[in-house]
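Two complexes are shown next, each including chain A; its partner changes from chain B in the first to chain C in the second.
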Partner chain A sequence: MKLASPDRPLIMRGVERTSLGRFLLWLVPWLALLAFGLYGAYLCLALGLNQTNLDNRFAFGLWIFLDLAVIALGAGAFFTGFLLYILRREELADLINSAVVVGFVCYSGAVVILMIDVGQPLRAWFTFWHPNVHSMLTEVTFCITCYLLVLFIEYIPIVLRNRRLRRIPAFLVFEFNLHKVMVVFAAVGTFLSFFHQGSLGGLYGVLQGRPFAFREGFAIWPTTFFLFILSAIAVGPAFLMLVTRLAEALTRKRLVHPRVYTLLGRISGWLLVSYVLLKSVDTLIWLNRTAPAVGFLGHDFYVHAAFGTWILFAEIVLFGLAPALMLLIPRVRQGRWAIVAALLACFGIALNRFVMTIQTLSLPSLPFDKLLLYWPSWQEMASFLAVIAYAVILFSLSYRYLPLYPRERELQADRDPDSVAPRAASRTTLAVGGAGAGTLPTSRR
Partner chain B sequence: MLPGIYEFQWTLGHLIFLGAFFTVLGILVSVLFVSLRKSRIDLQGRRAEVIRWQQSFQQLPADQRQCRHALAGRTQPRVCQRGFACGECPFHARLLASGTAPRTALFGEGSCPAGSGDLFGFAMPASRLYHRGHTWVEQRADGTLVAGLDDLGSRLIGAAPQVELPAIGTEISAQGTGWQICRAGADPVHVLAPVSGTVIATGGPEKGWYLRLQPVRIDAGLEHLLHGEEIRPWVQAELQRLQRRLSPECLGPSLADGGLPVADFPAAYPGVDWDTVWSETFLTD
Partner chain C sequence: MSRNTTHRVRYGMAIDIDRCTGCGACMVACAVENNVSVPPPPAGDRKGLTWIRVYRLHNERPYPESRTAYLPLLCQHCGHHTPCVSVCPQHATDIDPETGIVSQIPERCLGCRYCMAACPYHARYFTWWDPVWPAGMEEIFNPDVSPRMRGVVEKCNFCHGRRQVALQRAAAEGRRQIRDDEYRPACLEACPVGAIHFGNLDDPKQELYDLVHGERAFRLLERLGTEPKIYYLSSQPWVRRLLHNGIPASRRHPDGGRPDVAALRHQQVLARDPRAEERRRS
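For the complex of A and B:
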């Protein structure tokens, strides 16, 4: 008998996982990073925000950039749920569990960082009991909290599908019943996500003191309200592609059917093209109308070497248009270059969130003002890295013990999941006209 | 509402905003509550086994969910969507009505109308009805049913297993757990019950491990079991699947070597992940 890993009873049947020793070895550096980050976070909470390089000018620093970026990247969870449960794109069932886990780590990481940023986690409930209903950020807080609850509920059935937990009838039955109402959670998640993604962008409609980021729009919704939604749903599927491809590369296994990548690539490509188009129109309107109306020429924003026009080019063309066009070409979409395209798209969205936070605050907005640069303190960076480590650890544990990729077993067995005639069957002939069992073990008559 | 807030006054903004927020929270809590309540009802109604089978069935690869009529060559490849519940399948009913497929028939104890029952070296008497989870059923003259593990299943489990049969008087349901087989160092193998019934007697190792059941339904509920000409192609498909699993590198075309299958497959293939083979063979997760 093959020597089984001690945690084998917890691992799904029919799938191969690395030995427990190697898995723990993989976790060690991430755990170390997490511990380091927790220490940084502790310093920030215990000693105050003087541990950071945030100040009155840079109220939005690395943490808010991280929050905006991961919330956009985590949009794959609600969007995949919407496509699967509402639009019935059944092929995405291959990916929905991992999408939920990705969404959960992104949003929970964002909320934790936000609590460190706000600095008074014990008073977090204040925002719910003393809400400023005129603030877009209050709406964001409410929606993100609710959506994290939705993601937590969506995560429960995945956890309950663990081989050992499924043996407990109560868990089995609860998971079954929860799964049946998942469409409700998908719909609520979609509703919440649309609003908080939008409201994050909606903030720029009231940021009149920052002409670089200020945007006009329709009624109380500036153009950035819609651009934030569109960019998030465009890049969410690309991020899922990236995570899954990375998991496949690390485990050296096929985890989902190739057609899933094709679908995600197509969806991401079309949405990204739409986003780039609207973003370009928005940029032209801002440069020619919005900014001049408050006394700025477009050129004024790009005179500083650190934030020259290259950053605009990089955001819209290099990390926007280029990956969008790549994903729209079927041959590229189905090949290895799709990963490069997905990576560029994800980087593009992170750059956009960087521009809308750090660059916005760096640029002078008054005549006597000057460019200020911000560099996060080690405590800020440590907390940032802790979220990355937390995400890797939770995803790794989920991959090892939970059915993140339901078709993995079939794909591993070299079977076409939809075929009733396995591919290998044509290559074997069994007991043709005889009594023996072909290559199965036999004893002599 | 919102007590303790100095000079708080409701505005339209508060009503809309907080109304939407609490509506969403209300929906989430209500749906969770409904799921919990439904779970409680299912547990009280002893539906856990039915649910387990529904989920296990959906996870089976398409080639193991192939329709019995496709296996027997009566129709094009077709995947079962009903958990092998042929009695509820309109397609099955149509084939029975048109005479394309014969009705389930039991031939009685000891009889063997179609040859010796030797299929590829395995004893699979045609007098028996077979469940796709490698169990068989025979009907006795008094209307009771006898169920056991088929020869292929027995050889895959190997020698000296520890079997846990249900106690007399236990009600078991078709596709639910019939009995468990334990081998040292491995998780117990759950063998699916081929039919529903109440256990009235059991047979130990000297009698080849069997259950004697009083069927729940008057007609015994045997529509889903394979019989006659369906047995051979099913066994053949199972052997092909096992070949792929036991020789993943694929040896290429091979002919029958004239030998007999060994009695203890795990002993002959010590390097194989038997836990997975058993779960695939006995259709459990």
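For the complex of A and C:
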């Protein structure tokens, strides 16, 4: 007979989680990766940024590129909150908690990396003390800090709904009241997110000295400001879809109702297709008008083999238009290809951030200068792997002890026991928090 | 205080490329004057520290048409929409309205390097290492300039320390203004061929005024519209072609400043292959 996990009192009633031993075994490699990454980060902080392969020309590198990509992917948190609390798409209640956790790990991870990336992390507060209101980075700093606080506040009620913590009446009351005002935080989060997603685009769009990145725009905002918002809200739901599918595959359970995927796919598809359309128009204006006005021909940007026109094609068509059209076709959206489409879309947005950050710095601006390439050092890569490990660990812990998917219990109960039995018998692979190998199918109820 | 002691000037420079021999004396003088630290060997030219860097230009032609020139590149002290000043999140770099000098405040710098990404001239340098100097070099430190700590951005400030000293001397003598010959950057003094000229760009009485308004003068990446205050002088067609960024403003399309793409393309073809025009004619 199987003994109950020692942490059983912490796990939600009526849901299955793997044994504590297996769960810890799952965490071990991630903890090892985290430790390795923290060592890399320590070297950068203690010995200085000479530990990186960044240089005077490549002032920004892997970290900024991945930060921008991760923040775009984390946009699912605020956008789901917006759809659920403001537009009242109730079906998204199935995954709002997981969306908050995904957003929180993405943003907190990005902020930690930024702290390593700057040369004087202890002076980070200077931006609040001597803010240059004309700088996009000031806006980014303000909005991301505030939004991380909002995400933290949104995370609190999820933590307080833990089985053990719920027993404390004060926590229960606090959580109940916090939940009542959550719509306010959803609105604030949406407002802040729109601005910092845009400002992250603006970071490069305003660089008048970098014709490859510079864009004209409206008032003080270059077009990249709007394109970054649109691309982030387009790809946020796709990334949530991927994370949830991955969690379902690892735990071998249905965690959300299938109609949630359909909704996420449809939203992502429509937004992505509008993004691709606007991005194409923007690219044409930039190549034919903006760049020549400052003395550069569009052709000049693509003469180098490393960054030929293929990258433009890949960004807009292969990883933009293709997944957008896939997600717009209902049969594809509901089938397995939806995962491929979501993957392509996420990769496309990462590629866009890569182009804006790395390619901009690679291309020469001085007429006698040459193309410059850069490869990150192991310390840079390790620091970022630590963030990924941190994200997996926090998500796994949240999944095990918190109600990340509120309908999980209901969906398990709805399932036909006959169809559950053969799957449970073949459950041999390691699961994030799924039922252990020795669990009897009948105990799933 | 200093607002009352100076008049409004616009400091700038003219560098004669045809005279420059690429000796690098300006780089050495600059480093000594401004207490620029010496990064350890792995630094190389990508992580090194130098506020003025001499680039080698070549016309990419075989002998006997092969030609070389040298281009000392420092902060261009952009006067309009200064790329670095507009992006710095915490006012760690600023443009002084009294002098037009783009300054850097290392004590306030976060080290985010956004200004470096913004600068099209790559004239900003990051202190990747703790500042160290070869043993004994501390003896010759310039007491008028603070050394910078690790993790901040530094760059040319037209030897601002010298200007401060000149102002103090003038004040001690009861003068409110400094004379033209009292304030000159170290690179200018070190240049053995007199290729560097410095002064107030707005003062028609100065030699600099005639130089920057002469036919030999041009600026780097002029079309970006950042109004750099460093002018380069050259009579060599290949140098002028190589360094010209697109079509001059006067050849802009008449309706609303739309760029003349055909002219721009033609100019770029010429820059890459100066014989193209002759071949086309023949």
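Please note the rule applied: the second predicted complex is superposed on the first by the 410 of 445 C-alpha atoms of A that agree within 3 Å, B and C clash if a C-alpha of one lies under 4 Å from a C-alpha of the other, contacts with A are read in each partner's own complex, and residues count from 1 in each chain.
Everything below uses one rule, namely that a residue touches a chain if its C-beta (ideal position, glycine included) is under 8 Å from a C-beta of that chain, and two chains touch if they have at least 3 such contacts.
Predicted model only: the values in this text are computed from it and were never measured.
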By the touch definition at the top of the document, which applies to A:Ile71: first (chain B), second (chain C), both, or neither?
neither
May I ask you to name which of chain B and chain C touches more residues of chain A?
B
If we overlay the two complexes on their shared chain A, which of chain B and chain C does A:Leu343 touch? Say first, second, both or neither.
neither
Considering only the touch criterion stated at the top, classify A:Phe296 as touching first (chain B), second (chain C), both, or neither.
second
Is A:Val235 in contact with chain B, with chain C, with both, or with neither (first, second, both, neither)?
neither
Applying the touch criterion given at the start, work out whether A:Trp129 contacts chain B, chain C, both or neither, answering first, second, both or neither.
both
Given the touch rule stated above, what does A:Arg13 touch, chain B (first), chain C (second), both, or neither?
first
Which of chain B and chain C A:Arg57 touches, first, second, both or neither:
second
Of the partners chain B and chain C, which touch A:Phe174 in the superposed model: first, second, both, neither?
first
Can you list the residues of chain A that meet both chain B and chain C?
129-131, 134, 138
Applying the document's contact rule, which stretches of chain A touch chain B when the two form their complex?
1-2, 4, 8-9, 13-14, 129-131, 133-134, 138-139, 142, 146, 149-150, 153, 163, 166, 169-170, 172-174, 176-178, 180-181, 184-185, 188, 191-192, 406, 409-410, 413-415, 417-422, 424-425, 427-445
Over in the complex, which chain B residues touch chain A? Could you list them?
2, 4-5, 11, 13-14, 17-18, 21, 24-25, 27-28, 31-32, 34-36, 38-39, 42-43, 47-48, 51-52, 54-55, 59, 61-63, 65-66, 70, 77-79, 118, 120-122, 185, 187, 236, 239-248, 250-262, 265-266, 268-276, 279-280, 285
Can you name the residues of chain A that touch chain C in the complex?
48-50, 54-60, 117-120, 123-124, 126-127, 129-132, 134-138, 141, 203, 206-211, 288-289, 292-297, 300, 360-361, 365-369
Counting only contacts in the complex, chain C reaches chain A at residues 39, 42-43, 46-48, 55, 57, 71, 73, 81, 83, 86-92, 108-114, 116-122, 124-130, 149-153, 220-226, 242-247, 257-259, 261, 264-265, 268, 271
